[in-house]
Amino acid sequence: MKKVGVFVCHCGTNISQTVNCEHLAEVAKDMPGVVFSTEYKYMCSDPGQTMIKKAIEEHNLDRVVVAACSPRMHEATFRKCLSGTDLNPYLLEIANIREQCSWVHSDKNKATAKAEDLISMSVAKALKNESLTPSVIPIHKRALVIGGGIAGIQAALDIADTGYQVDLLEREPSIGGKMAQIDKTFPTMDCSACILTPKMVDASQHPNITIIASSEVEKVEGYVGNFDVTIRRKATCVDPIKCTGCGLCSQKCPAKTDSEFECGMSKRPAIYSPFPQAIPNIPIIDQTACRYFQTGKCKICQRICTADAINFEDQDELVTIRYGAIVVATGYALYDHRDKYGEYGYGQYTDVITGLDFERLVNASGPTMGKIKRPSDGQEPKTVVFIKCVGSRDATKGHEYCSRACCMYTAKHATMVRDKIKDSQAIVFYMDIRTPGKNYEEFYLRAVEEYGVTYVRGRVSRIYMENGKLIIQGEDTILGTQVIVEADMVVLATAMEAQPDATEFARKLGITFDQNNFFNEAHPKLRPVETFAAGIYLAGACQGPKDIPDTVAQAGAAAAKVVALLSKDEMTTEPIIADVNINRCSGCGFCVPVCPYKAISLKTLTERVHGSVAWGPTGREVTRQVAEVNKGLCQGCGACTVNCRASALDLLGFTNEQILAEVDAL
Amino acid sequence: MTNQPLADNPNTSGQEWDPKILVFACQYCTYAGADLAGLSRLQYPTTTRVIRVPCSGRTNPQFVIRAFQKGFDGVLVAGCHPGDCHFATGNYFTRRRYLLMTRLMEFVGMDPRRFRVCWISGSEGPKFQQVVTELTDAIRPLGPNQKLRDIEPSVIGGISR
Amino acid sequence: MNENIIQVPDKSGISKIMREIAGDLLRQQTISLVIGWEKGILPNKSAPAFITQSQDAEKLIFDEYCYHNLTKYLLQRKGSGLKTAIFVKGCDSRSLVGLIQDNQIAREDICIIGISCPGLMEERNIVIPAKKCEICYTSVPVEYDFLIDCPETKTANDEPGGSYAHRELPRVENMTLDQRNIYWQKMFENCIRCYACRNTCPVCSCKECCFDQANPTWLGKGNSTSDNGFYHLVRAMHVAGRCVGCGECERVCPMNLPVMLLNNKLSLSIEELFDEPPASLSLDVTATLNHFKPDDPEEFM
Amino acid sequence: MKYAYYPGCSLSATGLEYNMSSQAVAPHLGIELQELPEWNCCGASSAHLQDHTLALALPARNLAIGEGLGLSLAIPCAACLSRSKATEHAVRSSQETQSLIEALIDRPYTAAYPVKSLLEVFIESSLDILQDKITTPLTGLKAAAYYGCLQARPTDYMDMDDPEKPQTIDIIIEAVGADPVDWAHKTECCGNSHPTSYPKVGGPLVNRILQQAETSGAECIICACPMCFANLDMRQKALGQERDRPFNLPIYYFTQLIGIALGISPKTLGIDKHFVNATELLVQKGFIPKAESSAKGGLA
Amino acid sequence: MRKIAKTRIDDVLRALAPRYDLYVPVEGATTMRTPTATLWQEGLENASRFRLYEEGLPLYWRTNTGLSPKDLFFPQTEKMYTAISQGKTVEIKEESTNAWPIILFGVRSCDIASIDCMDRVFLQKGYEDTYYKNRRQRTLIFALGCSTHEDTCFCTSMGIDPKASPTADVQISDLGDAFGFTAQSPSGQQILASIDSLMSDAYTAQPVSPDPMLINVNLEGVTEKLETMFDHPLWDELSPRCIGCGTCTFLCPTCYCFDINHKSPTHAHIVKQRSWDSCMFVDYTCMAGGHNPRPSKTERVRNRFLDKLLYNRQRHGRVFCVGCGRCVSKCPVSLEIATVIQKIQAAEVTP
């Protein structure tokens, strides 16, 4: 026989003023299974807890029901109290007679009757409670940071500085990301490379950081503390150990193609490093451009390489590495206006460029050596028009959201035009000016007041060429007139959007994404860097558009979460998780798609079954599939239990039996 | 008191009859909302009972039918608003399942006023109060539920006297 | 012209082709069992047949009393790795798709011999078409390896919502709430809980049914109107979005209860609410309750 | 292909040439245009400013008559087209609207037969035939395709072409052997009635289009809307005086262009009825003989 | 023999109803008729069965009822006693018994034979089942001879005369347009005497004879043959077809297995009840520890037919099949006793 003890709390007068606690303690004695009951002024106080402990000992209680405030308040307290005894903390039940009884009712008789019911529900449930033990999973003390932009670099450095090993994975030949392409950063106007490259060097020289460039995630298995990540190292045809980074191969390579880093505004060889400060500074061969791979003849680079580092037989390699935690810092892509914005010429005007193109044009090491020259004829543009919100805040052609950084970088660009080109005119077409950041508004005002940038509030409806000029037709909604501007160059502030492969990547990791394909944080306010998958964290623009300061801050936060996880040797998981009765499981797999954590998989069993059927031998062996719950991944929501028609899945702590007992108790 | 028949006939019991309502509340939203109603001292009928479940996705329709079998006069299944589920997607499945369940119950003659599904967030203490009060008020004129009810085992077949 | 489609001049020719195919398959020895139909004890009775020897293939028949959806028998071979050939009508073929989708049988373990169905007759009244034919959605099997194509194939009811054309549905839907309540109370009262509807249902493929479990006790052994109601409602929810409308549940009911009506109601609701096609018409659809759309109808604000 | 031809009010007045050329060209290309019996005003430009339901009901009656004949409507005028497509769209997207409209026009209308612009009809059903029938390829003619505002907008239901960079008239220009020029004002506003009622506003709009066409090297403008045609053709003299340099850009309907390429007499196509002399250019280019051109040299 | 026109049979029933609990065969459809509406549509009627007589019930005389009258003595679910706990004490409340007399009117020969089977089980094997006895001992049986039969009937093969049941208190014969009544026991005589004024003399009228039955099985030697057939491959051959439902057992008038279980309307209140169980259910022989001596359908199907044809003959002295044909008609997969007897007869047995 189970022995239940009932402890009724007065909560000062919070409960006792509307509920007759003495009466409750008295009637509880007659409830099935109850062998002891009492009441006390403050059950959660030390004397109250001592009273519970003593009663457990004296009356050999094996279940405890505390009738007090909400379990959200003191369930943890009383569980802890039970752990101090021989009882398992999960043998506790709380009857919420304060928030859901004494505080919401005024008729003392009715409230007392209800409290009695609540206690009898809890007693009925408690009788079905079983001891639950948290399971322990080991934490593998190595982190993976996916994406080598500023977010990834910052996260990797922060984790590595605390002493943990970090692998920094980058799919391009060099880390650096978008920030490496940017010329100056707002609002301070310091040189982007000057602040980024030292961090890149730090990362490459850090004893705890391994940079894995030209590589991508192939597959992710496992769970928090124990992710097995398979990485595809793409064939680069250059042995990174032998290569000295002398750069001779790139100089001599006869094949040329558009440089991605320079946004196609200059050429690069087929064997190349994307930019001079690349890290690792090892060139790779772009097989689509390489003369040898395309025609079977050339191999100049191999002939001149003194280090013998060129290997044309290089193949993709797969390696699987175990990590305790993962930071996703895969960044963003830029909205391509060319197939959407017909009114801006569908990309047919070479002098209509994007903000990133402009960054390269204005950069001292860019294709024009920092002189602003328009791409079509290399002339210095005198009138430059900037159009904001291209693809942002435009539900018909682009995205509904605001890309957050465009107002600031457009102000920066316009300032630079005014600064670098004599007698120039910079005109910005905008919808709103959004400058929520430290010194941002000041920066914008400086553009207007000191640099004389013209801001026109309105959309541009058409751009066309006339007599070698770009004609920008738009409206000024403040003056209420049509505006027609003749310009030499137009810069579009195109939207930041999710990487094109973001959804596929999210599925690989088991994380979720929003309607714009940005990865979902676990809670928009309170868990901004966690994902729903334990042990996987987000940093930077992969979670949503951000500027550099926000990205770096989030990277630091993600690193702190990783370090907190890795600092433990093992972690205990909440024992309120789903449990499979394999004897009942028919392997239909209906639990698998409803699990938000990918915690359920099917495994194959082989067993002998009794019984003969006309066409099979008696005692034959059959294989069948059954569900298996990963204790590390399951968070205990119980959605699977409802989709399991055979009740083969049950949720410990909230079992079908327990809930039915509560229903039946009334 | 507990063991008395759950619902006396409203015509014979003299005082005003309150229907017994069972609420299945997800612990992250609706249960928290009910606690908030308590913190704000919002009064509602004493005949409301709440069963805490981790997520509305845990509320098996079988529990609901069982509640009606056991003599509850109304059942409320409540959870986080779609999109706000602590477990990301649980309530989306709840919504699908209960869209069907409500239709099925009505099809077999269960008064739709007796069975509700509602999203009540942790900040919606007043909504919790409002929904259970409305449910109670809507059921009161209907009288005790007899449909699907199984308080006494009925004997089928057999000599009847 | 697909060589696996065999044309027959009329329905009387079906049996002969069945015997030929079954005999061939058993002789080739890749298949160790053929499940089909044989003649029963009375002229208006046919029965499931299990053929393991090629010479026994002569027993096989197809006539207007071959109601039985044989696909559930495949569960007896689950996991054995043995290969089975099975005869299916159009309606049966959907449940075969369902069983494959529910991970209960492997497509490669079965050889499907489809019969484009010329229609069945009521056993008790041999001139009335069988009730299950009223809700026919596809008389030609949706999945098969061989097809015995009969020109007398009845036109299936392929209108949207056609698979729920249970003649009772509109009548019951139009009743008042109280009338519906009485209707179902009477049905639940008359149910003897023999479980024939469940045991014959091809989508009730659980290893151990929740109604048979003692822990938790969802349902006692005793028979009461309330418990019988629990049984039928829960079963309807369990097959919601999975019911293939084969009509077996209603056919086998010894009390002639309108068992299928609840399933039809839910199938129709699914089509209306979620704009999903009838279940298991093809192998690449997901069961209704296994997925969701964020913009599903919202009625619970 | 047979269509119910809905000429609308313009095609017997300002758009007479459009009507003449359409009727002349269609039979050559296997297109049968049966004039819609008992057609009524489409309500364009005024009805939808007065009463939204009326604006739907007016074209619906025409569409319903077409549906009764089992025919799609082929509509030359862009404004008629726009109103009819709007109605079709409204009926398709709401059962409620459909019932309302059906009640008002007192006949069934289910939007079963899609409304087509005449341009669409030619593109869809006669482009292949056209290649074989051309007797006079219009080689060397530089033509600017002008679509105006309504041909491809709004995109919700005018789904035949790209709203920013439409192509259909350009395709026809190419098909008859001429060279479409690339220019920016294909879809700019022609001013609708403003050039007449409020020349200060309307004039510059027309002017802009003509200027652009001229700058881009076009020798003529090809259009598919009687309103556009009228504005562009009628205003050239006045606008030329304003800028002290005459405009001389003949405007043709695309159907006229096809007609010339098929060797149909310019008179049949109504080419002699334009304000800006439209014959001269064709003679100059050698597409039509001089003799015929001497008949009349345009109204302007 | 006395007779009354079929059209006036209600006069007899009306006369008997006040003095007895009168059970009569009723069409299934009636159960769906409510005061306000006919909710049940024709063609969807549930099976006909015996019900307490009320005026206006549509009586069903053509053939036997869909459900046998066994549930009148042995209800599908039967309350046994109630235990009520108060505080720490438990009070047991027995079900009350009753002595009001019952007439079972219009029972067919096969079902009367099945009542004999049930009597052997519940009353004659050294143990008397009080619940069964209470109902059975106050029941008088009016047998109704068959004038026609269902396709599935085969009582003659089981040695039963469809027209005569000597053990009944009254034998009713179908005389075409009238029912003839013959008393066969003193109580029967007494009752008939009380309603004699309603009837006239039947003189030489002869009961209508049913046509020969469509199903004929040979029971001879079956029991003896089965003694040697426990391990016969026949069971492996038959069992795959079975779907394991309870249709045959629940419809069978001689199946008597039950399960004792309980129900808790509230947690302080337990009702013990017994309900029909079926040996075709997987959990029928499942023991508390989880072991199941009949784990597969082969054992279960074998048991059912050995029980009907062998064990009950050994234990209770007769084969427990009365040829009512209900399983033949309703088994979803035609795995019924007539077919099985034929298969047993045809089976080869190695001595």
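Residue numbering begins at 1 within each chain, and the chains themselves are lettered A, B, C, D and E in the order written.
FYI, a contact is a pair of C-beta atoms (placed from the backbone, for glycine too) under 8 Å apart; a residue touches a chain by one contact, two chains touch by 3 or more.
Keep in mind that what you see is a predicted model, and the values were worked out from it rather than measured.
Colleague: If every step must land on a chain the current one touches, say how few steps get you from chain D to chain E.
Modeller: Contact-graph shortest path, chain D to chain E, evaluates to 2.
Colleague: Of the chains shown, whose Cα mean is nearest the mean of all protein Cα atoms?
Modeller: C
Colleague: Return the chain whose centre of C-alpha atoms lies at maximal distance from the corresponding centre of chain D.
Modeller: E
Colleague: Mind checking the centre-to-centre distance between chain A and chain B? Centres are C-alpha means, answer in whole Å.
Modeller: Chain A and chain B have C-alpha centres separated by 37 Å.
Colleague: Approximately how many whole Å separate the CA-defined centres of chain B and chain E?
Modeller: Measuring from centre to centre gives 43 Å for this pair.
Colleague: Would you mind pulling out the distance in Å between where the CA atoms of chain A average out and where those of chain D do?
Modeller: Taking the average C-alpha coordinate of chain A and of chain D, the gap between them is 54 Å.
Colleague: Can you pull out the residues of chain A that are in contact with at least two other chains?
Modeller: 120, 594, 613-615, 643, 656, 660, 664
Colleague: Can you pull out the residues of chain D that are in contact with at least two other chains?
Modeller: None at all.
Colleague: At least two partner chains per residue is the criterion; list those residues in chain E.
Modeller: Only 76-77, 237, 240, 263, 266, 268, 273 qualify.
Colleague: Which positions of chain A touch chain E when the two form their complex?
Modeller: Those residues of chain A that touch chain E are 30, 32, 120, 124, 610-615, 664-665.
Colleague: Looking at the complex, which residues from chain C come into contact with chain E?
Modeller: These residues of chain C touch chain E: 40-42, 44-48, 50, 68, 72-73, 76, 168, 171, 175, 179, 182-183, 186, 189-190, 192-196, 198-200, 212, 220-224, 248, 251-252, 254-258.
Colleague: Okay, in this complex, where on chain A does chain D touch?
Modeller: So the residues of chain A in touch with chain D come to 341-343, 346, 462, 464-467, 471.
Colleague: Quick one: which bits of chain E touch chain A in the complex? Just the residue numbers, please.
Modeller: 85-88, 236-237, 239-240, 264, 266-268, 295-299
Colleague: Where on chain E is chain C touching in the complex?
Modeller: Contacts found on chain E: 28, 31-32, 34, 36-37, 39-41, 44-47, 66, 76-77, 151-152, 214-215, 237, 240-241, 243-247, 249-251, 259, 261-263, 273, 275-278, 281-283, 328, 330, 332-336, 338-339, 342.
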